[in-house]
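What follows is one structure encoded as structure tokens, with my remarks underneath.
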Amino acid sequence: MDRYTEQRLFSALARGAAALVVAVMILVVAVTIFRGGRVFLTDPAIAITPPGSRYMLEGDGGFLHAVLGSIFIVGPATVVSAVLAVSTAMYLQSDYSSERFSDAVNMFLNVLWGTPPIVYGVFVLTVIIAIGARTSLFFGIVAIAIFQYPIMTRYTDEALRSAPDAVRETTYGLGATRFETAVMTVRAALPGVIAGIIMGFARGIGDAATVLFTAGRSTNMPGGPFQGATTLPVLIFDQAMSFNAEVRSHAYAASFVLIVAVLSLIIVSKLLAGRYARYAPGGRHS
Amino acid sequence: TSFLDGGDTVRISGGVGPLPMVEVWADIYGDETDTSFDISGGGTGVGVSDVFNNQVDIAMMGREPEGEEVDQGLFAVPMLIDTVVGTVNADNPVIDELQENGLSRADMEAIFTKEVDTWGEVVDADVDEEITVYGRSDASAAYKQWGDFLGGEDDAYSENELENLSDGNHNGDQQVAEAIAGNENAISLNNINYVYDLESGELEGDVRPIPLDRDGDGELSEEEDFYETRDEFLAAVEAGQYPAPPAREMFLASNGDFDEDAREFVEWVLSDGQEFVRDNGYVPLEDDRLEEAQDNLAEGP
Amino acid sequence: MAETTESRSDGRLGRRLLTERLSSHWLRGAGYFAIGLFVLIVLTLLYQSLPLLSEYSLVQMLTSSNWDPAQNEFGFLPAIVGTIYVTILTMAMGTPIAILAAIYIAEYAEGRAKTLVSSFIDVLAAIPSVIFGLVALIVVVPFVGDYLAPAVGSSATGLGIFTVSLVMAIVVTPFMISLSVESLEALPDELRESSLGVGATQWETIRIVLLRAAGPGIFSAVLLGFGRVFGATIVPAMLIGGQTHLPSSPFATGQTLPTLIVNDFGELMSLPLTQSALIFVGLMLVIVVWLFNFGAMLLRQRLQQRWQF
Amino acid sequence: MTTNAALTTENLAVTYVGDREVDALKGVSLEFPMNQLTAIIGPSGCGKSTLLKSLNRLHEIQPHAEVSGDVHLGEQSVYNTDDPVPEIRKQIGYVPQTPTALPLSIYENVAYGVKIHGEYDSKEELDDLVETYLRKVNLWEEVKDRLDTPGAELSTGQIQRLCLARSLAVEPDVLLCDEVTSALDPISAESVEETLESLKEEYTIIMVTHSMDQAKRLADEVVFLYLGELVEANDTRSFFENPQHERTREFVKGHTAVEYTESGGVSTTESATADR
Amino acid sequence: MTTNAALTTENLAVTYVGDREVDALKGVSLEFPMNQLTAIIGPSGCGKSTLLKSLNRLHEIQPHAEVSGDVHLGEQSVYNTDDPVPEIRKQIGYVPQTPTALPLSIYENVAYGVKIHGEYDSKEELDDLVETYLRKVNLWEEVKDRLDTPGAELSTGQIQRLCLARSLAVEPDVLLCDEVTSALDPISAESVEETLESLKEEYTIIMVTHSMDQAKRLADEVVFLYLGELVEANDTRSFFENPQHERTREFVKGHTAVEYTESGGVSTTESATADR
């Protein structure tokens, strides 16, 4: 094939591939927004109405339980996980640990990062049974936190690594302790750290496999940390398979709520990151 | 109970066959007594597994407990009678023939084991649409009963055999019904509450029961034809005109004796609770069977 | 005056040093947490798998296609084959498209189109996969069932391996694209100038120079995509049809290792070996991820060496 | 001294229309004489690189660069032509500022252009070509035993010579070099300079440099740009000894002065009195 | 000229034990006189930065740095002490090579060190301190209206002065500066130099520089390192006019020569004859 034909062919292919991806994505979002939006907007109250006692059979009431479940599970999980992740990432910096140690930890983090979420679900359930507990909101939090931890740690670690060395030299040079320096390094890398945490949050709020076996898949309003609960993705998974068309239509409404939540999270994170980027050392110049 | 197992909520899981009834019961009983419930399906096997793992207080079972389960301490009392029926789409290409003459056990066995591939072969008509067989992928008692039924007198197909012979398996009764509703050539089985409308007891959706030609004479006699409404069907089951399996008793079970709240609920089910059974599409236990169950419960495991 | 300064800062110094000591203990703990968590998970899974492993031969279980826990038959082959099938099909569909689309964004697109497409794809990488599964139920399943499968002479319900692969390809593509675009954009312009400067076409520059130079990065992207497909749970559970048999064609129903867990985990745990068997599936997933990571690390190092610039 | 032009620009102007509009080159008409080395000098940001790249349309890979005017290679127009751009770039080669090995072996780096254009008949011919050009840039002896190791494993100075060999191997008429020694240590820079020195007999070389001294040492002609405009172009001797324009004088002087002050020596040249 | 030493090193040696072992500093004994500016010079990689950082134990944040010997601040040992390291670093401040604003406002940047050490009683006192030190580095007028904007939004030259103010605000006895003007354009560099010039009356400043000329302009004393060893230390005038060691002579000359050649002028100094 003539090299110019090849050039034309492949640039057309690249364009086509991008167009295909975008088209498929538009389709997915459009279907969710239209089908879900229609259901949701005709009756927005279903997102804030508690489910009736036979919700899964008859679709009476709304899915407030899953909305709250998502918030009560993913919220605390994100906080716990973020604290752990930022701490781990701080420890992986050179002032605390040797290169060899951080390489080793990074290897483990890579494996954890690639571990299918269902495995975390199985792990936590095994623990639940072993200690004679029952699936509940609390264990949903544990499972999601474990799932988010490697994701956030990797992003945070990368962000901290890219913070200029001069920040550390500066604070040490002023007589700061290691911890004070580490805190300043986190501040310097804040846009990246926030992006990593939001990324973890987004993955956590969208994941069903981890909470499937651990939170109880309850159809009641969450009644306490040790009562069963469910989250939006699990609910959608359950709703999607329902015979009752009304329940099924709720799956689209729940998806709509979920998509809107995830998208707004991402927008918020971009705004936040942008705000802190003003302070980033060298931000203006690089 | 400790705080780790969620305090005073009564948790129930298990077969989706009895699920609608148990939800009604819990609704009524909850209003009367302020007990709170958390009920989920998953299939009979899940319920059993859950009580053994202390995940729930009560398992709903769509079949009798097995010896092995009893050995491990499963304590079950019957609560009602339900049945399973073969189902097809309302627009099935041979729906008229099916409703006219029904299918015999042997016909169904041939279909579900894929000895027969097209609707034409089934009813001897000029229809070459291929049959799609759906099964259940969860731990379904209904499916197990169906396997027992299909196998005939002394034989039975295991769930696993059926699963592998089907064209696709769905996770729960509702999903099977939905699949049937969406595919004109599909056949499967459902608990009857997923066939008749829950409220009206009429055939309203796209799912139709397949009348059973009990004697296998190739046509439906008067006493074999009772599929118009749910009440008619239930009356026939109560009168023994529909075979067991697939009709069967359903049970409430726990690991050892029931916990206090759970036990009170089961006691209620076996007394006041029985009066709601017929209205909700099930057959109540016969009186002596009920008494037996009450004694059982009082006695404990 | 000098004295008050002295004592004032002395107390403060003490507090600072205490914070330093406490925090360093805490951080050390956090540092070891990753290792501890991994070890705990593996040990727990291993311990719980032991009953099964001590009862049956590993080789036999991995090669047997008879899965019937009620009869104590634990053949993992159908789920393993299903997983491999789904993973290969997905990657075969997703990878070329992801790389081509990444090339478009990084090398061809300009200005507004570029910002639009790339931020769009970034955002979509974050959409929960259950939503893709849901949309697939009304779009892809009927499409495959009514048109595609009959067209290739296979009768199907629309549920099955191909459907799962198609949907998973859609799930992981944006993810792989974002990462690949990042590594392409990190390349210095000098590479492009050097290649174009001797008269190469843009495509030749991309194919011979840029794809190699960004190779390790793209490789990681594909690998991460692979990991997500391999461990995908919800989409296959919704769409694969849940049959534990060896799939006869791409349109056949089947089972993957994760869906085996989802479909069977709740049930039959009264039979201890079933529980053990399903936990062993979890262990297999972790081990494969582990081996893959290790292999990938070695391969990436070699690529990096060969294709440095 | 041959004075027929290898390359001519006619009112060549380049504007970057990004967030803000930058007129990087404001209509420059120039002749680059054949088989000579022309140095382009000027303060940072004056448009040296832009001019150089617009000679073979390489600035087109930057988004939003707009060009008017034309460039001629001999009789042939560079901009108003139906020839595909790569064919033009083959005739007008480019060596970037940062020494950059392609992610290929040393051998493949040199063979890259030749292979793309398919201008060889046999493996032997290609081997010969690679050797010839590696010799031409004085690199052969240093790398002949490791031709199949990655090009990136060479030292920076060696890589820069490799880049030259790669560009020469496609036999361009004109070679554009953008500050090709600025990333190098003095020793490597010297050897690249020597290579350029030896090449200028066969090729038309156009080179951007920020070092007056390098221009003096290597160039036959000097072009001085200021804020995107051509201030002065002349043969090297006249340019430095007898600058025509005030700006040129200042620039040449200023540069000397700054460097002088840095060197800290005591000097007798007039530039020593210039303020920093 | 006061000659009592603010800081003395005794046989100070630093080895980096990483993949390969590097003796970056091989036993250096030196005195840094009080309230003077000492310049450390030497070829790249000779250990200038290592020496500077080991004076306040800042190299300890690098993994695998091993030290022997000692440093004394006045009477007090820097290494053999029970004082926590941060206290030492408070007395011996450090300004890094790259101008770096902490991710805080301008005000908070200056106040940072003061705040962590808790050395102020009231908001007013802190305000005063910030103003004082911003004035000291000639930055007050430029930033007084935007004290609460991010420090990173200043120009590079302003940031470098901000760094100085920040270091001074904790009132160190000694200030270590590593090539603090190398990242700056000439104008900014000049203003930082002026600041240093004005500071050296009050502080003991030790500065690494790669520019002979800067050393000549600013330093009272010059220390010359070569391959981790101290070659020569002397007051600036003697150092440059009358270097004691062959190496020093070569280095000073070499530098002049290279820069001279670059400047391309015609010269009469002896260095002009030096080979490149």
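A, B, C, D and E are the chain letters, set down in written order, and residue numbers restart from 1 in every chain.
The rule is simple: a residue touches a chain if its C-beta (ideal position, glycine included) is under 8 Å from a C-beta of that chain, and two chains touch if they have at least 3 such contacts.
The structure presented is a predicted model; accordingly, all values stated were derived computationally and were not measured.
Common neighbours of subunit A and subunit B under the contact rule above are C.
By C-beta pair count, the most extensively touching chains are A-C.
Centre-to-centre, using mean CA coordinates, subunit A is 46 Å away from subunit E. We define each chain's centre as the mean of its Cα atoms; on that basis subunit B and subunit C are separated by 39 Å.
In subunit A, the residues that touch at least two other chains are 3-4, 177, 180, 241.
In subunit C, the residues that reach two or more other chains under the touch definition are 16-17, 201, 204, 237, 266. Of all residues in subunit D, those touching 2 or more other chains are 84, 86, 116, listed in ascending order.
For subunit A in complex with subunit E, the touching residues are 94-95, 98-99, 164-177, 180, 184, 187-188, 190, 276, 278-285.
Residues of subunit D that touch subunit C in their complex: 53, 56, 58, 61, 63-64, 84, 86-91, 93-98, 100-104, 112-113, 116-117, 150-153, 163, 166-167, 169-170, 176. Of all residues in subunit C, those touching subunit A in their complex are 16-17, 19-20, 23-24, 26-31, 33-35, 37-38, 41, 44-45, 48, 96-98, 100-101, 103-105, 107-109, 117, 120-124, 126-135, 137-139, 170, 173-174, 177, 201-204, 206-207, 224, 227, 230-234, 237-238, 258, 261-262, 265-266, 278-279, 282, 285-286, 289-290, 292-293, 297.
Considering their complex, residues 67-68, 70-71, 155-157, 159-160, 237, 241-245, 253, 263-264, 266-271 of subunit C touch subunit B.
Interface residues of subunit C facing subunit E in the complex, by the touch rule stated above, are 5, 8-9, 12-13, 16-17.
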